[in-house]
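Below: one structure in structure tokens.
By letter and in written order, the chains are A, B and C; residue numbering begins at 1 in each of them.
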Amino acid sequence: MRLLALCAIPLVTALVVLGVPVFRGRRVPVALLLVVAAAHLALVISLWITPALPALGGWLAADPLGLAVLTLTSVLFLVTAIYIVGYLRYEAPRSGRVFAGGLLAFLAAASVVALSHHLAMLWVGMEATTLSVAPLVFLHRDRRSLEATWKYLVVSSVGIALALLGTFFLASAQGEIGRPLLLPDLIAHARELHPAWLRAAFLFLLVGFGTKMGLAPMHTWKPDTYGEAPSLVSGLMAGSLTSCAFLGVARITEVLAAARLVSFAQPVLIAFGLLSLVVAATFIIGQRDVKRLLAYSSVEHMGLLVLGLGLGGVGAYGTMLHLVNNGLAKGWMFLVTGNIVLATGSATAAANRGLARTLPASATLLVLGLFAVTGSPPFGLFLSEFTILRAAIDGGHAWIAVIILVTLAVIFVGMAALVLGIVLGTPPAPAGTARRIVPARESPWLIAGPIALAVIVLMLGVYVPGPLQDILTRAALALGGRGP
Amino acid sequence: MRDAAPIILLLVVLSDLAILGTSRLSSCIRGLAAQGFLLGLLPVLIAPQLSVHAVSLAVGTVIVKGVALPWFLSWAIREAAVRREIEPIVGFIASQLLGALAVALAFAIASRLPLHTVQPLLVPVSLATLMIGFIVLTTRRKALVQVVGYVILENGVYLFGLTQTESVPFLIELGVLLDVFVGVFIMGIVVFHINREFDSLDATRLTELTD
Amino acid sequence: MSGAGLIGVGILGAVAPALPGIVAKTKSVLTGRRGPPVLQLYADLGKLLRKGSVYSRTTTWVFRAGPVVVLVTLAVAALLLPLDGREAPARFTGDLVAFAGLLALGRFALVLAGLDTGSSFEGLGASREVTIASFAEPTLFLCFIALVLATGDLSLSGMLGTPLAAAWPRAGASLSLVGISLFVLLLAENSRVPVDDPATHLELTMIHEVIVLDHGGPDLALILYSSALKLALFGVLVVAVFVPRAGFGGPAALALLFAGLGVVAVAVGVVESIMARLRLARVPQLLVGAGTLALFATILQVG
């Protein structure tokens, strides 16, 4: 019942917002967003306390893997909703209905993806996340966002179509065994599945969902999309959408692990992971726009996730921990970048200098976020990346550990160059250069969210709470690895 | 009834090749509509016995792919006042030859796949349609024709899905159809805006964002 | 060489000039005119044969030999076709290559004769004709390959005869595609709309007409007759694929063939009436499309 509510409440609200004429006009129904977000998070927390039974004949179920992604999504959504309260003081989206409707539809779709144990329904949810975010990406309706939206739609749609083909391949692998495309049945009968079709399914699902994740070489849409979309949308995408897409990859890996075919999957995963790391490092050097910078950072972290999965052993736990850490950190960074854009109109190095003076709170959070996202202690990402490194060394792949370290170092240098360049120095003269007046004080609504996320990430770097560790370990075990 | 299915599948390939070879946008869309109708006929012809599932899928497919999508794309053409496609990146003759190559490749691959279906032509035709959709998507300049290519790609995947009609419940098929429709709808809106902003549908002009 | 076969070829030769007449009549009727009589070409041939010839001083024996070579090659090619649906007057393994080769030889002679005049008009037409031929020949061969795969016989008599009738139930779709492809080839090789417009005499639109611009008198008669014969030969190919006549007796099969030829001529007339001539740049596309159909038919046989 609760599982159904988690999916249905945002969906129904979205339909109401889009359909009922009361909401016509430009005002965004922020109160509604906050209420739904709070209710969603409350339900998710209740799932932690008392687990729920599978619903819809086993199609919806909250297993550790799904619960982790669902919690991440819910937290990010609530923080974003709080942020929107402050955001609307300075910007008004052209259509409040579409803005709110898109966000709520995204929440519904992401919940479906996280809770779905029927792999075709997972696909439907994934496609729905793509489509619900698209109108949000071209909110600004200018040439650049239009171009970004077009590339996003085309590349994502092709990727999703390939993922659908992979899902059908999986059905072919299953044949008549067990209930079709249901995860528990797939895992239970994994060794009876047709190996050739299973391997083909894995490849297509990896490429398809990898496109949505933004793994190289299917990442080409990411910098443009994250760069042109409103920052809060980019934050949701980088934190939540990519995690949902990763869930798709994780599910098929679960099946392969149960079928003892991991040795086929691992080299492929490691290859994609390393490629993403290298590509991210290459393009971060000399990057002039913070949002695009964060997009490439997202590519890097997706690469790390897949790498951890491919390395196996404790790497699976590292991946799960990194999923949570990265999602929160990305949300944090994008929201802070949003503040910068609200103040100066652009996130590029050309338009921003000396933010430490003009936007002290945001600048501090930006610098702290720089350290967090690049994996410095004491933040949580350091712990998860270190775990993945450990997995590489444990598995005897020292060269992989070397590549990881080198690329991370390069990325740190590249990111620091841009961020510190923006934060330090003297601010330019206020006349003429800025698109809007710099707010003398940063609204608490705009700061509260990022601070909360920063605190969580900091805490996770020092101490992983028991229930969370338990969930992540169980997820790692399902993925063919082990706990810390 | 069973014998009609191979002919329908062959007509699907012919419609693929026709869309590949034409430069007029209205012909592309008519070809797409024809393909939608053919695809809608298939579930009824392939199912071992007539079931509610098969009939509703057929009706849904015909409505979405045979009527709704082409109608919407025609609306988009009228709004954008575009008539013809300019020479694609690969050239019409070369894309025809590529399409023929794709068909040959699809048949070659399909003969090696270990799948026992009621309808042996289904797998090669689905792979051929998939590849041809990909060719149209990547080599055409007009954004609207790229959308057509995407729909053809999805048609190819749908055809493959028909080999699994027992495993994939109707609700999912409906979800897939809905997703495709909404996807094309959103793409159409974006195309409309692109036309307004850029005064043309030439997607090769979208080069402002770069590193 | 059977006597009945030769008689069949003879009748074909006699009937051939009626075909362009049927085409013209169909076009006239569809556009609301009365048009020229069906047997007009016979009258034209007679008139031309009684005229004298004027030869330019720039031409050589090549110019005079052209029409004769064309006619002879076409006549020999006609011997290779099984008109009664079973056996051709001449057959040997691989005679399909000979068929294509004879047609090519005829076209070659005609093009040379055109170039021999030294006029730029004919040169223009010659280059266009050869371009179209370079797309049409592979398509013809693809059709032949599909037929060979369907019937398992490497001779035209087999490909268009009894084994073809046996192959129809099995490879019906494939053979239909081959038939359509052959029809498009017919339009291309015989300079019909949408490839070429036989009615206009403007340099921008002519291909076949312009090559023969300088021929007159008996030479022109030979060329006109050869065009009609070529139309008949391709018509026989199309009819043979769509209507296998192996089950009928000799005269009945022949009658069926000529009836089929009439239908093909009417079809050509209809196509000419409803379509406009394609831009020259689009003609290769059309032929590649026909080739793709034939290729697809081949794939269906193999796959």
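The criterion applied here is as follows: a contact is a pair of C-beta atoms (placed from the backbone, for glycine too) under 8 Å apart; a residue touches a chain by one contact, two chains touch by 3 or more.
Worth saying up front: this structure is predicted, and the values here are computed from it rather than measured.
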Inquiry  = Please report the smallest number of touch steps linking chain B to chain C.
reply    = 1
Task = Average the C-alpha coordinates of each chain, average all protein C-alpha coordinates together, and give the chain whose average is closest to the overall one.
result = B
Chain pair that, of all pairs, has the most C-beta pairs in contact = A-B
Query = Which chain's centre, taken as the mean of its Cα atoms, is farthest from the centre of chain C?
reply = A
Message = For chain B versus chain C, what separation do you get between their C-alpha means, in angstrom?
response = 37
Inquiry  = Using Cα averages as centroids, what's the distance between chain A and chain C in whole Å?
reply    = 66
Inquiry  = Report the inter-centroid distance (CA atoms only) between chain A and chain B in whole Å.
reply    = 31
Request  = Provide the residue numbers of chain C that touch chain B in the complex, in ascending order.
outcome  = 173, 284-285, 288-289, 291-293, 295-296, 299-300, 302-303
Task = Going by the contact rule at the top, pick out the chain B residues touching chain C in the complex.
result = 6-7, 10, 13-14, 17, 21, 92-93, 96-97, 99-100, 103-104, 107-108, 110-111, 124
Ask   = Considering the complex alone, what residue numbers of chain B touch chain A?
value = 114-115, 130, 134, 137, 143, 146, 150, 153-154, 157, 160-161, 163-164, 166-169, 172, 175-176, 179, 182-183, 186-187, 190-191, 193-194, 197-198, 203, 206, 208-209, 211
Ask   = Residues of chain A touching chain B in their complex?
value = 118, 120-121, 123-124, 127-128, 130-131, 134-135, 138, 141-144, 146-151, 153-154, 157-158, 161, 164-165, 168, 171-172, 174, 180-181, 194, 196-197, 223-224, 227-228, 283, 287, 292
